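In what follows, chain A forms one complex with chain B and a second complex with chain C.
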Partner chain A sequence: MRRAALALSLLAAAPAFADSTLPAAPLANTQLPDPVLEAKAQALMVTLRCLVCQGQSIADSDAEMAGDMRALVRQRIQAGEQPAQIRDWLVARYGDYVTYDPPFSLLTAPLWIAPLALIAIGLWLARACFRRRRR
Partner chain B sequence: MIAEAGLAALWLAAALAAMQVVLAAIGVRRVLAAPDDESALTTDLIGAVRPVAIVQGALAALAMAMLIAVFLRSDMSVLLVAENSHSEKPWLYKFAGAWGNHEGSMLLWVTILGLAGGAVAIFERSLARATLTATLGAQALIALGFYAFLLFASNPFARIEPAPADGQGLNPLLQDPGLAFHPPTLYIGYVGISVAFSFAVGALVARDVGPAFARAMRPWVLGSWIFLTLGITAGSYWAYYELGWGGWWFWDPVENASLMPWLAATALLHSVTVLATRDGLRAWTVMLAVVAFSMSMIGTFLVRSGILTSVHAFAVDPTRGSFILALLVLYIGGALALFATRVGTVRVGNTFDPVSREGALVANNLLLSVILGVVLIGTLYPIIAAGFGVQLSVGPPFFDKAAGPVALLLVVVMAAGPLLRWRRDGWRALTSRMAVPGAAFAIGLVALLAFGRGVALLPLLGLALAAGLAVASVAPLWRRNLLRTPLFTWGMVVAHLGIAVSLAGMAAESAFTKQTLVAARVGEPLQVGPYTVTLKGISPVIGPNWSALEAHLVARRGDAPAIVLRPQSRFFTNPVTVTSESAIATRWDGQVYTVLGQIDPSGRVQLRLWWKPFVTLIWLGGALVALGGALSLFGRLLRERRARRRVEAEAWA
Partner chain C sequence: MKGLKLWLPLVAFVAVLGIIASALYRPADRTVYSAMVGKPLPAFETPPLLPGKPGLASAAFHDGKPKLLNIFASWCVPCVAEAPQLMALKAAGVTIEGVAIRDTPQAMRDFLARVGDPYAAIGDDTASAVQLSLGSSGVPESFLIDGNGTILLQHVGDIRADEVPGIVAKLRAAR
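Moving on to the complex of A and B:
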């Protein structure tokens, strides 16, 4: 039992474990009761960046801020908001950095056009190595 | 003394690398000026390059051995050991900790590079002497840059005065058996590609781009590709169980850094086959070798510089990143310049019909290059945007949308390719050969649409295509004498089947995973997929250099024997960190994945539970791909040896 108490006190003291002493929001680590809504929330959470982490989505981070954002997303989904609205709200607040799905704009146009452009260039290059079929 | 011996070995190796470059440069010049020159000076110059390359590799290995020795002895007077090790660490992590840091990992890089150069010098017998010498010269030039980097910017053997009483410890996330295998495997892959690159440079310098060069390069491409495959597969599984959220691929910059060389190497592997068998795609193959090496350099740069934030990054150092960036620009720029000046001398290889084995391999190369381009642009785009003062993130949604459809198209080409004849084939013949795989695809699609409710489009197509590809990949063995089928054909079949297996795993995981996140009380039954999981209790555990809280979970499904799972939350003191150790139970049809989270004041325990059907297929498929590569490699080497014996026998007759 002393060992347990020791381990517990060590855990409580660990800074990485708990960023603050406040308990996590209820929906940070628990799911919505409605599986359809939860799936919707989950699909959105994997595309949102945890702003204080080393490149993790809020759906798979232990950081307290990720937990808060998960709670926020679940609450808003439960209140009937659409994922796109929530994303827009977060982008308005934190900038494009928060979404892993960069919105189409003048700056991101090259990024989104790249796959098609690459295929076109590739086809043009590949044409040279084919022989014309004789008729 | 051990550290000083290591440093001396490193300096000597660097000096030999410099000598190797000079000897090779003069020798190749003389041979190219007068190809029949058999004078004593020329032969001596050329003859000296091989032994120098071998000794250089041995000295680099000696330096690495010395570094491992100071880590094993916990010699805290060495700065690197003091900063990254701790005397109470288990020996495996002292050993592997030698490369769990920036300097050590770079030393491992050049060690493998040096050993690979030595291996080329010992084993390569079929290439023309000018090409081989130029290859070894190029290899030494690459090594020289990295020796300079180690000696001037990141000396692993620097001492610290006074020596601290003990070290600062290793990042606990790295304290895992994975560290012992994952980085060396990936580095062997990266460095193997540098050998392919050196062959390409050698062939360009000696104006010798043809089937002989392709056959000499192929085992190295295959070998490094096998290691890259293993490294990525193992790394993915390591991240899967270590990060504790059930994800196995995050499209993270560091993952992309290992994926890009793999994509380039895969393309190279297929184009080098066209060059070796049909003498086609000459310039393209050389270009791909340059691209593949560039990708492994960019990968090293991205990982080592920390320019992009990554969940897997460790021991990054931005100031040294600029040194690697300079090397990167120098090598890639130099190679591209050489390519541009010499590509005119590379004659156009054989051409072929669009509907042919070559045509399918060109499509393979095209699609792999597009995926590579998408991954590269997506990975670097945040840096470019930051240059315009905009902070943005490019992540899984982009890569899934942009690379996913191309990858699925590639799967279709992959199913058809091995069923096509070389040079020329017909659409009608292909359609009849694709009938059975096509039926497998259609059955899979219909079954999923009927029974798998709400499966998203990409996983749906992924599963159906995996079924079709699995059938198509074994089709080349149909009606063949299996004992007489060459080993490299078996290799192709197994590797392609591995891709089908892996694809099925990825799609199944994404389509059917069940997740349960709860704050649980002891004794309360929890449902995840087909399992009922009960928390029996929490108890403390003491490990060699950590203490932990351990949950005791019992998972039941129907009448099957109960599974006991013990996920832990580990607390490390050196340095102070908490990690979640997931507990995973593997069954034939999937994995139960459990993680212990926080305990809230009311005594409820945070648990994360997943049921992941067929997730293990992802890594099983990866292992099959690597096995296929190994079969191909042995098949090729055996055939080459037999051919050489035959030539020798004829020479004697």
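Moving on to the complex of A and C:
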């Protein structure tokens, strides 16, 4: 009885932040007819963050908003816009957070510089170590 | 000097551990805020969703009167919770313009009949185009727009009862 009730309640469970009943936008799940343009759009979409799931790109996400963002990207690519323009348009609205390819800035500088600095320190340590051994 | 050098790696290790531990225990703020605050409202034009209720264009925000732009949907649960606060804002003299995300006329009619209708206009945004152009990442969200069409403030999530007086004051100050 209890098991049946649990199964029933799971069946009735709906997410609190429900999705709309509207079908996905025309270009959300449909590729562009021109494979060159579609490849361009796809390359951009995998570098854009889904703002609902936040850990996924809009190319991976099933969220409705990601679908609408895919439609926006494909529409603009089809209209002849460059991927960099579309990325800039989104960054102007959502900040750098929306792109997985963050531009070089004061905030992101450690990300790029730290590995190089660590390699330099490692080389310096190794050099000192080899010198001592040779002696 | 030698002793100090010996302890340095441990001190550095504990410092990194401390940073990680403090970041783990601080609740992360996952809210995505719009970068459009302080900038002019982007141009848009949406058709009406309901007969008898006008659609919404960005031109409506340039008449010198500050307004509240509410992004909402009939399928959105927190929007139901927000409805009484919007009615209170309307009663306080605030003009509320709505943009309905991915909605249908029938569902919207039922929603408004259930929770009340504070909207001067409701634009139909079937593919979230207006929402994306505003830097909004969910429903409900509200934007305070001054009389010149500049975005003054973004409110993410439903407006709570204790936030109503603050919003009224901010809109009065923007006049």
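One rule holds for everything that comes next: the second predicted complex is superposed on the first by the 111 of 135 C-alpha atoms of A that agree within 3 Å, B and C clash if a C-alpha of one lies under 4 Å from a C-alpha of the other, contacts with A are read in each partner's own complex, and residues count from 1 in each chain.
Just so it is clear, a residue touches a chain if its C-beta (ideal position, glycine included) is under 8 Å from a C-beta of that chain, and two chains touch if they have at least 3 such contacts.
Since the model is a prediction, treat every value here as computed from it, not as a measurement.
Enquirer: One more residue to check, A:Arg93. First (chain B), second (chain C), both or neither?
Expert: second
Enquirer: In the overlay, answer first, second, both or neither for which of chain B and chain C A:Glu64 touches.
Expert: second
Enquirer: Check the residue A:Ala114 against both partner chains and state whether it touches chain B (first), chain C (second), both, or neither.
Expert: A:Ala114 contacts chain B only, not chain C.
Enquirer: For A:Thr47, is the partner it touches chain B (first), chain C (second), both, or none of the two (neither)?
Expert: A:Thr47 contacts chain B only, not chain C.
Enquirer: With both complexes superposed on chain A, which partner does A:Trp124 reach: first (chain B), second (chain C), both or neither?
Expert: The answer is neither, since A:Trp124 touches no partner chain.
Enquirer: Which partner, once the models are overlaid, touches more of chain A's residues, chain C or chain B?
Expert: B
Enquirer: Is A:Leu72 contacted by the first partner chain B, the second partner chain C, both or neither?
Expert: second
Enquirer: Between chain B (first) and chain C (second), which does A:Ala25 come into contact with in this model arrangement: first, second, both, or neither?
Expert: A:Ala25 sits against chain C, while chain B stays out of touch.
Enquirer: Go through chain A and flag every residue that touches chain B in one model and chain C in the other.
Expert: 16-18, 54, 95, 97
Enquirer: Provide the residue numbers of chain C that touch chain A in the complex, in ascending order.
Expert: Residue list for chain C touching chain A: 30, 32-36, 73, 75-78, 101-104, 107, 126-129, 131-135, 137-138.
Enquirer: So in the complex, the part of chain B that touches chain A is made up of which residues?
Expert: Touch list, chain B to chain A: 243-247, 250, 252-253, 280-281, 284, 308-311, 313, 349, 351-354, 358-359, 362-363, 365-366, 369-370, 373-374, 377-378, 381, 385, 388, 390-398, 402-403, 406, 515-519, 539-540, 542, 547-549, 569, 571, 576-578, 580, 597-601, 606, 608.
Enquirer: Note which residues of chain A are touching chain B in the complex, please.
Expert: 3-4, 6-8, 10-11, 14-18, 23-24, 29-31, 42, 46-47, 49, 53-57, 59-62, 95-102, 107-108, 110-112, 114-115, 118-119, 122-123, 126, 129-131, 133
Enquirer: Touching residues of chain A toward chain C in the complex: what are they?
Expert: By the definition above, chain A touches chain C via 16-22, 25, 51-52, 54, 64-65, 68-69, 71-72, 90-95, 97.
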